[in-house]
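Shared between the two complexes below is subunit A, which pairs with subunit B and subunit C, respectively.
Here is the complex of A and B:
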């Protein structure tokens, strides 16, 4: 009798777990689906880095993205300030499975260098954003667990598939009434302690379809540093093609 | 000097032809003007080997850059000047690093004028890189280049990228004057180096390159036919040095395989001319330990083997050597980074220790440290023994406008 009860409890528990997994995955898929079809976009960004003493350092960059359905997106990032890194750019081919392909262009010696995309957890240009926070968010890169629903917010826990990730988990809050856009992400480090919180704000609807935030604020609770990423514009009419995401294109900027 | 003017005039002509094709230049011109000012201080650790040489060389360099784009960046004119003032009159020099018209259309692009092009994957030496002449008096690592007159056509296809270069004019390698460091016992005047070709610097050179990236593999295959960038030099006890630019064929191979934290690299050339045929090889790996203990710091370990079968006829010191180095990137707000390395001769005692470090100051300045130490240079090093008293430390402050 005991055994039967145990089995029932266990299967109920397993059922709940798998249900939570399914619901979490469904939400991530819904979010991806809601953002399908933007084809390509270009944005100018300002990045403001603040250390714990309040000292500020700024970066200006342009990001161009090409949407791919079969595989992960392609992106090109071009720095225009600080001036010593002006013209430095990176080309990334995101893959749904396996490591991304990434090239770096160094304008002073005109060199294109293939770089390892192994460094997911490292800081992007000295900011509180890790490379993995900024790379294309493919559904396949996480496993999921639905946590709760609060009004129009859906909270999902995500576990990175890649063991090289700097996180054990992320807790992502989606807004189901606004195209499943992300409102906040809490990042937990390898010791499962709260590391960072990312807050999206200033959302606008573009092309009647795509929600884009004007401001991303990343706060590191451990180092007390902060990085604000401001999107100064979004251009969904740039009509970029594969030709704009080649090593030749990387050299042009 | 005359030859320089010829280059500028030909560039000007090429540009006006290129511009003539675009009868209506859009009003939407996009200008960008910049200036970098570099204050360099090089201090040599050992007393001079030759009369007139100094210990301390302060120096000033200006790097103005101008770009104008039109038709949404599909057309552009790119100019980068360079001028240095130094105690060594030969190191005081002016050059257009770039001065070219660029057109992009779909998957192809065309460049006409003076331009810099880099080929290669390895860190300690750049064997395959041949399009531009080295501005050898600028830096010991050979990474500073002179602008090369060219017509470059590049096309990107599903099978890779094809580049075709027409190089109508050869530029001579810069060499130090009598009071400069890194000189030979006999001063070779850059202009006195002879040519094998009867057309001298006007020998019409050609180059081709095919490059493709397939998954984790980056491949480059190249061919160059024309006047070599490296002078053929014979050191002679009686008459000193005989130097000449031979007409060469060079086949190049670049290969990089990126596997997680490992980057496996190989560069090889086969170069032939009437006087010599040889193989050069540079191969190794770079392994990066990233974000150590979540500090953001990356440490790269580089190991490369260098081989060149020219023996004493080589105009460099890398015949059978090993490079061990480490690249430390702090990934901090100031982009602090350090590259440390040592090239050790595997047959002789000679070692060259190198350090390069940089850190941004504020938002518009950068401080760079460079050092080269020549230690235990073997007596029978034909090339390197000339520089055994030229160990130096340099500190450069760059201001960006």
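Here is the complex of A and C:
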């Protein structure tokens, strides 16, 4: 009898755990699904880096993204300023499983270099964004646990699959009523201390379907540094194709 | 003349009335004292601060420069774990696997922001057109022998690692954990880090007994400061025992011992309340306050008690009468000596080192309370406690000194005043000359003596791996993104090379090294390209590529500012003393000034440099304080003695002991630290008592009894000789206890104070009487009233 009770309790507990996992995964999938079908987009960004004393440094970038369904998205980032890196661009193929592929074109030597992509947890051009924060958010890159629902917000904890990730977990807040768009992400470092908070703001609905934030504000709570990403525009009519995301395309820009 | 008589009488009357009041209301007085102590004591909170920043005032320019550098890049408080495998080879599969494991574990240290080890070093290499940036040894457990051999070759040829993370022989390696403490409460944050580190290392040692571990860094330094404070605080217990013993030996009386104990305890508990009310966080220098107060406070009580007992035992007076008489005789002397001591301690506020402000203020308050309790609670307790009527005895029952030796001493001075004066002055002159041979040294590692684990671990590190002191320069490029300018990089490279040529330098961490290394990797690891890239675009784009390839926590933010307009050069140096350290930093500054454009000029900063300059800064700022103390105390003395000439003459026995002290120190260590700068003002307040007592008795003999100078000196010896020896012994025992501290700011200060106090007594017994005889007019002085303040 005791054993039966124990089994029931255990299976109930397991059931609750797996239910939380399922619910978390469902939400992530719903978010992915809601954003399906944008095909390709292009936007211009301003990145503002701020240190503890408020010293500011700016960079300008252009980002192009190509939506892929069977594998992760492809993206191209072109630096327009500072002047000495103008024209430098990165090409990334995100993969649902395994490490991403990444190339960098250096106009100064007119060469494309492949970057060893074991490391993607480091800061992106000295900012508070890690490369892994900016790359395409594929569902397969995390495992999930649903935490709670607050009004129209769903809070899900996500655990990176990649052992080289800089995080133990992220706590993501989705907006159920607005295409499961992400409102905030809290990042916890390897010792499980709160490291950064990313806040999305200035959301606008494009093509009646796709929510895009105009501003991403990343605050590092440990170093007190801050980086703001401002999206100056979004173009969903660029009609980019696979040919625009090749090593040769890198050189062309 | 009448006016003086009036003052004399009124002062006299005041003390008598005071004593009568206390005796009459003994219970009220005692209960009030207990109540005051309780009220104050309940406010008492003892908080400690071990952060080395406490040694620097807010306006300290070196601290400002250092903090500015840390804000610009990253705040680098660290823990360095040094691992020495018993087989003397880091590069075995077993050892590397263990190091990799510990490195991973180290990321879990609270507040950690970065972990640098041999295994996670970001090794950059070219393969065809690809750039690989990866851990030098990842998954070490599955490496083959030849792979491990290759790792060893890379590591021992890597300028970023050798003499920083690994020694050239490959037998000792380090894991450097950088922590970013929020700095809200170091008393909580630091132990949190250290407990985690201690747990981690003891676990590691259990699993991998083949390693020896030594721990150092800024966080352990802070811990060592904490622990030094606690340890020095614990000296209070020993001092308390000494107080009980000394009082008992000197008074041979249980009641007196109890009363003294109560007075010093009341004083200390009240002072604890002061510490709590003022919100002072205790640091190693200020944590010695209980011992100091005990030492200084007990002297007050002993003076009053000895006179009282003498009156009872020798003169057969009754208890109350003896008490009133003792109070009449001692009230003003105790007041004057307390006043000069308070002045002496308060002058510490003129210095530039906050822990000594605290020490000065705490002890000054404690001395005020000691005066209050000695003149209230002490007589009250003596009036309350039952007292056996003692038989009148002939000899002074308490004397255990040979009385004849004073007479011998006095007859020597009387017979040969010129010889004594000349020889004394010659010795003082010689020692004064020697005292200029002392040099400042504030190597903060050496603040801790070799019994402290932190010191021995740190010594091990500087003997076997790398330097523990550094100098940092933040070198600007004059424009945003300018650090990629080849002109800047080449100059930086020249600076790096110049630094390596300096004999003091162990390691240089400069951005030019990074630029060279990436350039080489971008050219298929061709050694010909181990140089600064040719164009700004190349350098900037290589850097961009490299930065994109670095993992979490191992970025370049600690050596490049956000604007990419400045880089940080960290120079690790050998153990240098303060003057050499300052000279080295200045040489670097001069090189930059002479060889680079203006925007690249920078000043050297580092904790070690801050400490190096601290002694000089403290000495400069204390100079004014010392002069003021000297003037104030001399004024008090002139007033007390009512004699301008003798007031001036007193400068000699008051100043000479300090010069003698530093002269003797030059023979002993020849290096002085910040803690010793305060001794002038402090000891002045203490040793002046000797002079005052001696001179007042001399004057009394001259004025009231009309004695010749020779006879007056003899009188002074007879009357105060014993009292001076007694207080000197009490003071010596207190400072001797402090001199056992393992913390040099305290132990050196205490040791030189011991020398100064002994010197003061000798000078007061030899030079002072000789000078008094030599400067006195030959003709017999008219009979006059002596000081209004001294009656004994």
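Note that the second predicted complex is superposed on the first by the 249 of 253 C-alpha atoms of A that agree within 3 Å, B and C clash if a C-alpha of one lies under 4 Å from a C-alpha of the other, contacts with A are read in each partner's own complex, and residues count from 1 in each chain.
FYI, a contact is a pair of C-beta atoms (placed from the backbone, for glycine too) under 8 Å apart; a residue touches a chain by one contact, two chains touch by 3 or more.
Remember, predicted model here, so these are calculated numbers, not experimental data.
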| item | value |
| --- | --- |
| Three-chain arrangement built on subunit A, subunit B and subunit C clash or fit | clash |
| Contacts of A:79 with subunit B and subunit C, given as first, second, both or neither | second |
| Subunit B versus subunit C as contact partner of A:166, first or second or both or neither | both |
| Greater subunit A contact set [subunit C / subunit B] | C |
| Subunit B versus subunit C as contact partner of A:7, first or second or both or neither | neither |
| Partner chain(s) touched by A:88 [first = subunit B, second = subunit C, both, neither] | second |
| Contacts of A:51 with subunit B and subunit C, given as first, second, both or neither | both |
| First (subunit B), second (subunit C), both or neither touched by A:123 | both |
| Which of subunit B and subunit C A:109 touches, first, second, both or neither | both |
| Partner chain in contact with A:193 - subunit B first, subunit C second, else both or neither | second |
| Segment of subunit C that clashes with subunit B, given the candidates 362-370, 524-532 or 578-586 | 524-532 |
| Subunit B and subunit C contact sites that coincide on subunit A, given as residue numbers | 49, 51, 55, 57, 82-85, 109, 111-116, 118-119, 121-123, 125-126, 166, 189-190 |
| Subunit A partner contacts - residues on subunit B that touch it in the complex | 34, 73, 102, 104, 106-107, 109, 116-118, 120-121, 143, 145, 154, 156, 161, 211, 213, 215-216, 218, 256, 258, 260-263, 288, 290-291, 294, 296, 298, 331-335, 360, 363-366, 398, 400-401 |
| Contact set on subunit A toward subunit B in their complex | 49, 51, 55, 57-58, 81-86, 99, 101, 103, 109-116, 118-119, 121-123, 125-126, 166, 189-190, 243, 246-248, 252 |
| Residues of subunit C touching subunit A in the complex | 71-72, 74, 107-113, 122, 129-134, 180, 480-481, 484, 522, 535-542, 544-545, 547-557, 560-564 |
| Footprint of subunit C on subunit A - complex, ascending | 49-53, 55-57, 79, 82-85, 88, 90, 102, 104, 106-109, 111-116, 118-126, 130-131, 164-166, 189-191, 193, 222-223, 225 |
